[in-house]
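Below you will find the structure I want to go over with you.
The first chain written gets the first letter, and so on, giving A, B, C and D; residue counts start at 1 in each chain.
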Amino acid sequence: MAKRKIKKAVLAYSGGLDTSIILKWLQDEYECEVVTFTADLGQGEEVEPARQKALDMGIKPENIFILDLREEFVKDFVFPMFRANAIYEGEYLLGTSIARPLISKKQIEIAQQTGADAVSHGATGKGNDQVRFELGYLGLNPDIAVIAPWREWDLNSREKLLAYAKEHGIEISKKHMDENGNPKASPYSMDANLLHISYEGLHLENPAAEPEDDMWLWTNSPEEAPDEAEYITITYKKGDPIAINGEAMSPATLLKTLNDYGNKHGIGRIDIVENRYVGMKARGCYETPGGTIMLKAHRAIESITLDREEAHLKDELMPKYAKLIYNGYWWSPERKMMQAAIDATQETVNGEVKLKLYKGNVIVVGRSSDESLYSEAHSTFEEDEVYNQADAEGFIRLNALRFIIEGKKQPERIASLIKNNEE
Amino acid sequence: MAKRKIKKAVLAYSGGLDTSIILKWLQDEYECEVVTFTADLGQGEEVEPARQKALDMGIKPENIFILDLREEFVKDFVFPMFRANAIYEGEYLLGTSIARPLISKKQIEIAQQTGADAVSHGATGKGNDQVRFELGYLGLNPDIAVIAPWREWDLNSREKLLAYAKEHGIEISKKHMDENGNPKASPYSMDANLLHISYEGLHLENPAAEPEDDMWLWTNSPEEAPDEAEYITITYKKGDPIAINGEAMSPATLLKTLNDYGNKHGIGRIDIVENRYVGMKARGCYETPGGTIMLKAHRAIESITLDREEAHLKDELMPKYAKLIYNGYWWSPERKMMQAAIDATQETVNGEVKLKLYKGNVIVVGRSSDESLYSEAHSTFEEDEVYNQADAEGFIRLNALRFIIEGKKQPERIASLIKNNEE
Amino acid sequence: MAKRKIKKAVLAYSGGLDTSIILKWLQDEYECEVVTFTADLGQGEEVEPARQKALDMGIKPENIFILDLREEFVKDFVFPMFRANAIYEGEYLLGTSIARPLISKKQIEIAQQTGADAVSHGATGKGNDQVRFELGYLGLNPDIAVIAPWREWDLNSREKLLAYAKEHGIEISKKHMDENGNPKASPYSMDANLLHISYEGLHLENPAAEPEDDMWLWTNSPEEAPDEAEYITITYKKGDPIAINGEAMSPATLLKTLNDYGNKHGIGRIDIVENRYVGMKARGCYETPGGTIMLKAHRAIESITLDREEAHLKDELMPKYAKLIYNGYWWSPERKMMQAAIDATQETVNGEVKLKLYKGNVIVVGRSSDESLYSEAHSTFEEDEVYNQADAEGFIRLNALRFIIEGKKQPERIASLIKNNEE
Amino acid sequence: MAKRKIKKAVLAYSGGLDTSIILKWLQDEYECEVVTFTADLGQGEEVEPARQKALDMGIKPENIFILDLREEFVKDFVFPMFRANAIYEGEYLLGTSIARPLISKKQIEIAQQTGADAVSHGATGKGNDQVRFELGYLGLNPDIAVIAPWREWDLNSREKLLAYAKEHGIEISKKHMDENGNPKASPYSMDANLLHISYEGLHLENPAAEPEDDMWLWTNSPEEAPDEAEYITITYKKGDPIAINGEAMSPATLLKTLNDYGNKHGIGRIDIVENRYVGMKARGCYETPGGTIMLKAHRAIESITLDREEAHLKDELMPKYAKLIYNGYWWSPERKMMQAAIDATQETVNGEVKLKLYKGNVIVVGRSSDESLYSEAHSTFEEDEVYNQADAEGFIRLNALRFIIEGKKQPERIASLIKNNEE
């Protein structure tokens, strides 16, 4: 395929080895100007060093964008998703998936500002991230050109990459070399942001193998976690957490604080085989300390403030919502549509949840709210003034009426139900 | 309401105080013959003593039915439900709900055998269990009369009940009396079977209050659990567990064994506010040690053996399925219909899951199966022969086509998406 | 059951025989003041005569409320429902169901204004309408007392009703008597408003019997309809129709106009057996002339203005939405939640639909919109600049990847799929 | 892209111009042996002439497969789909979609028999059919090579195709030429089988334009249809039609007979803008005469034989099921899973439906079944012995309980509901 003509490309640039190689490759292969975009999403690494690296590779100062997106990330992406109690395939809290749409959006904005006609990312051709980035790009700018080097080049192994770097004078940090200065075996494939850190590859490619202890970078193991439980209280307003132990915090600070609690108490390790959108199964390990706490707390505050059928409809929609985000459809009309339904329920999700954190466990020990729908008078076992027990008979008899009629008119269907159950 | 004429009633009889009072009350109020039915569902109490108590209250020997239903309970009710990964409202494993349809079925069968024209149960008029029992009764015999004493009598407090017992010479066991022989304050409302034990009432009626430590009867607390983790392996066949650590076990034995593991390691405590079918919210605490392990293990074996879209469709149907069982619709055509869909996926859910149990945590550390769909060749990050990375471009571009067209034809909709996200 | 003490009751009063009997009965049985509420919902009968009748029965002038609700009915109830393309059980356009929540709301408002402590309606104890009325009452005022005479009195046959009327001096209009002044056999049970007229009972109770020709009151039969087709154009704005043939109309006028077209051309007769919320099946016949046209037109304008996945998600939610309305849950948080999702899609549902009306047929013959997402360039069969046909290969191969992996790893599953299909 | 090495390819060959060009092109470009497969699916054209044409192009007699698939098509594909009442986007009866999986399956079987390593089809790169064919191929044989000439060659216009045909001596039938023997403008893109005939392209590419009268090939227009209505009765067994007017018929004969009725009475024309799986909207017109009758009849027989919740769950699953088939996922585990749920309900769908056919209208005028769940005793308006009207009060009050509690505890939510409705 003949290379397209590209004038200027905005690259999602971490400053690390892989995206530095991409930067160079874009300059060489496309002979285009490159704009670098480096975001602080709370991944826990300095972003400023990327500036010097970019300058060293000939990027003009005005083409270097380094942005602190932590508050926007948590407020406009993480929190709306947690309002939905989103979990993919029963386990995964979508930590990587939810960061991609924000990166896409910023790249498109920077392309607009700088007059770039292309965007580029460092995701491979076998994963979900390429889809998430590019659905974002094309969803927000249908005319943008997309360059996905991993699908175009032939640097399809660790060795070839390092050789390319050496050949082009790209600095290889020590973590990629052994003590003799030779290229080290590939590390885990990792991704981190304020919500989580993920691990794929290597040892994990065997789904029967337990992860090595030293793979986990954030959390204490439950064994290492303190022997003493700790209690915290989270305050919710309109479905979002706004304070911990009574102290109001910005979204990013709040999530960071929950991460600290979770890391300390060994909370939020996940080890799964998941189904990728591009068709294969993949083993992934994740640490989502704060998110694991938030999910539990949000369900707890909803348990006293949401109407039953709102809660059930949310539960029925959730798998579809989680799938949308996993597959990269944040910037879609159907996500907006589902979000409208979810958000319509969160106005009254206000109050406090008390949690006990202990060696990997997040235990809800109390919930309270001025908007509670819990009525002690109705749930007590003693007699009350508000509930007429006789009502239950009519309730049951009319709910059973279709069975009664069926049983009278077509009695053999009962036998069929029973037989079916015993097979 | 004039009492109906009842000839003979089959009572779900535990041998405890409440159902003994009901037995007497049925004899007095309905002047009918009573058949007692006492089931061993693994609740952990002897069932044989119920025989003597029934005889003492004048029940004819041939009208006393004491059945060991543990295997049938686990095989035909618990296991099919776990194939669906059923959870109600994100937390509750349906331990009480799933036992009711079996009790209903047996009562109807015994009514048929003994020529009884009525059935009776000891569930109150404010709870879900009355619905579950009676939908079962009427679903399996539309002509049966149902007697729900708690909805009919005026013994609507602990004190009145104990007075009635005393007056009618019903033995009150010591656990209902304090050291002076006076009636003790009401205990928690509890229900137990092989799958779980539940607690409601008292202290729990305040959803902001943490349960008292000594309420929990089955499990060690995570704090008390061993400091050493333990590994177990569960073998699955057609979606059901059949062996632990390579040792084949009957369904009930297997669940009992998992309960032992769970109790030891502090696994399976649940503390929630749930939405009852009869309309109010209620606080409930549950211990489901073996079930908690099974849910995690079943999802893990499914993760390598199920096709992606099967798994997702199961996840979308699950909340509805769980609600059916919670609400008491086991014996309904729609449960049968959903079960057909679920079971159609389980033929290939075979293999082994290795778990680590530690202080409340159930951690999947390995899964393997001869029927695995996991392909290391496809998920590896190195180059491979089986996957053409270039395919991803077409995949993404066609999935994005509706956005591209929208963006070109109606560009203002993009602005609306972004604006909407920031609100 | 002892009669509750009622001070003042707001009765949904049509002025007809049945609700006149109820009025009298309320006065006698409850010895309470009665407030009459008569609504013009477009049922096609004068509402003013109800005033004199009420006065004749001793109702104070300030207790007589006669309201023209036609615009509110169509704008705030019918139109939102049609945005969802709601159909119950594949056929029924919910004409009765959608009127009940408005009546409930007005009764509660009038109770508030007049200081009434009760509301009452004339729906029977076997139908859905009692549920719809009362869920509305209790949803909007939890303390209101509800009087449902049909469930309380013993006037459970036509003959007893007429006897009661005679005895209490209630005027029996000629349509209830034969030529000799004797009570006539009961008519069809009917309900009408701007959206539809319904028929139940009599001859229809045999589901194998065709309705009699003279039952249908509104529409021409297709046979009687003109031999010449007629074309009309409906203009949509934000999902609601706002003009016919370019002439802007208020909601009620627009629906009335569509009814005229539909009646003339034999459009909108429905004959079904439906499943009532209270548990039994019932035969119903309906005429929904304008609604039938609107449903077709709304789908057509959506077909060019909605994104595919919005449209599909609407289709997936629709049966649940329709069921909510059928069952009487308009005033529920879950309806509000679903409406939020639906309305979030309708902002862009603008444009024109051209229809051909002919002997029962509503045929879409054209749709156009400034907000169209239809791209002739993309759908043409000739070559184009905007679509790369090669993309389809990657799209297909990645969508097939799970099958390819399954086929390679577990080939016997293919055989099972095929075998299953042939059974 | 270098051409893959292909030994032998099975081509879906109609005998028409396009697939004859493909045949030749395969021989030339791939230098491979070609096996032709021509199926009679009831498209209404002779299939035997394809044999001579194939021979003329050098195909060996043993490589020519001409199969009558009409019975298998209707029995194993059309009927199972109609059990689901499948409709795509509210209108389309999936006539093209449902034929593709059978063709795919046969091609794979013939490839197996003849030792072919590739399959090929004549669908373009912009449509759904390529997806449907190829998901079938790859779902049934993961190793098969797929050749999609329309995505590979550069014959991307009518003119180039005809030029290619002329150059290679492929006979061009008169319908492709004008009176002077010059290539005629392209016809509608059409597809036909026993279930339907479809039209796309040309004049239809403007969604505002009404189809030309002479486009429709099968049905009378409603105007041309007889002035006299006709009544027919369809007998159902386990959800499938088995007889018309009491005369038992094979599946294909039955559908053919219904087509004759429908064509005569102007039934089954559909004109829509649909959303293609590959991402764009497309205008399509369809004639599905027999299918339109079957859909109506099947719903009618279900209306008296299915339990309410079975019917509702079917309605909720239907859009997803229809989408699966539209998108080409017949041979998927998720379709099998949904079919299991659907089929589990059809055991009792037995009985007779009487229909009136008149000028485009299919009117249900009666349904009867030995397995009916309709109970006249329960639905009558007169008093009865089987239903206690007082039960309705309890039913309503418990269904309203969550509103009552909400209204008492959080009264401002009521105001919010009302306000929301008026916006």
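Everything below uses one rule, namely that a contact is a pair of C-beta atoms (placed from the backbone, for glycine too) under 8 Å apart; a residue touches a chain by one contact, two chains touch by 3 or more.
The structure displayed is predicted, hence computed values, not measured ones.
The chains in contact with chain A and with chain D alike are B, C. Annotation of chain B and chain D: jointly contacted by A, C, touch as defined at the top. Of the two interfaces, C-D and B-C, the higher number of touching C-beta pairs belongs to C-D. One inter-chain figure worth recording: chain C and chain D are separated by 31 Å, centre to centre, where each centre is the mean of the chain's CA atoms. With centres set at the average Cα position, the gap from chain A to chain C is 42 Å.
Per-chain CA centroids place chain B at a distance of 39 Å from chain C. Touching of two or more other chains is recorded for residues 275, 278-281, 307-309, 312, 320, 332-333, 336, 372-373, 375, 378, 387, 390, 392-393, 395, 397-402, 404-406, 408, 413 of chain C. Remark: chain A residues 76, 80, 85, 89-91, 105, 124-126, 130-131, 134-135, 138-143, 148, 150-151, 156-158, 186, 189, 200-201, 205-211, 222-223, 229, 269, 271-276, 278-283, 299-300, 303-304, 308, 311-312, 315-316, 318-320, 323, 331-333, 336, 339, 354, 356, 358-361, 363-368, 372-376, 378-383, 387, 389-390, 392-393, 395-397, 399-400, 403-408, 413-414, 417-418, 420-422 touch chain B in the complex.
Remark: chain D residues 307-309, 347-348, 371-373, 375, 378, 387-388, 390-395, 397-399, 401-402, 405-406, 408-410, 413, 416 touch chain A in the complex.
Interface residues of chain C facing chain A in the complex, by the touch rule stated above, are 275, 278-281, 306-307, 309-310, 312-313, 320, 329, 332-334, 336-338, 340-341, 343-345, 398-402, 404-405.
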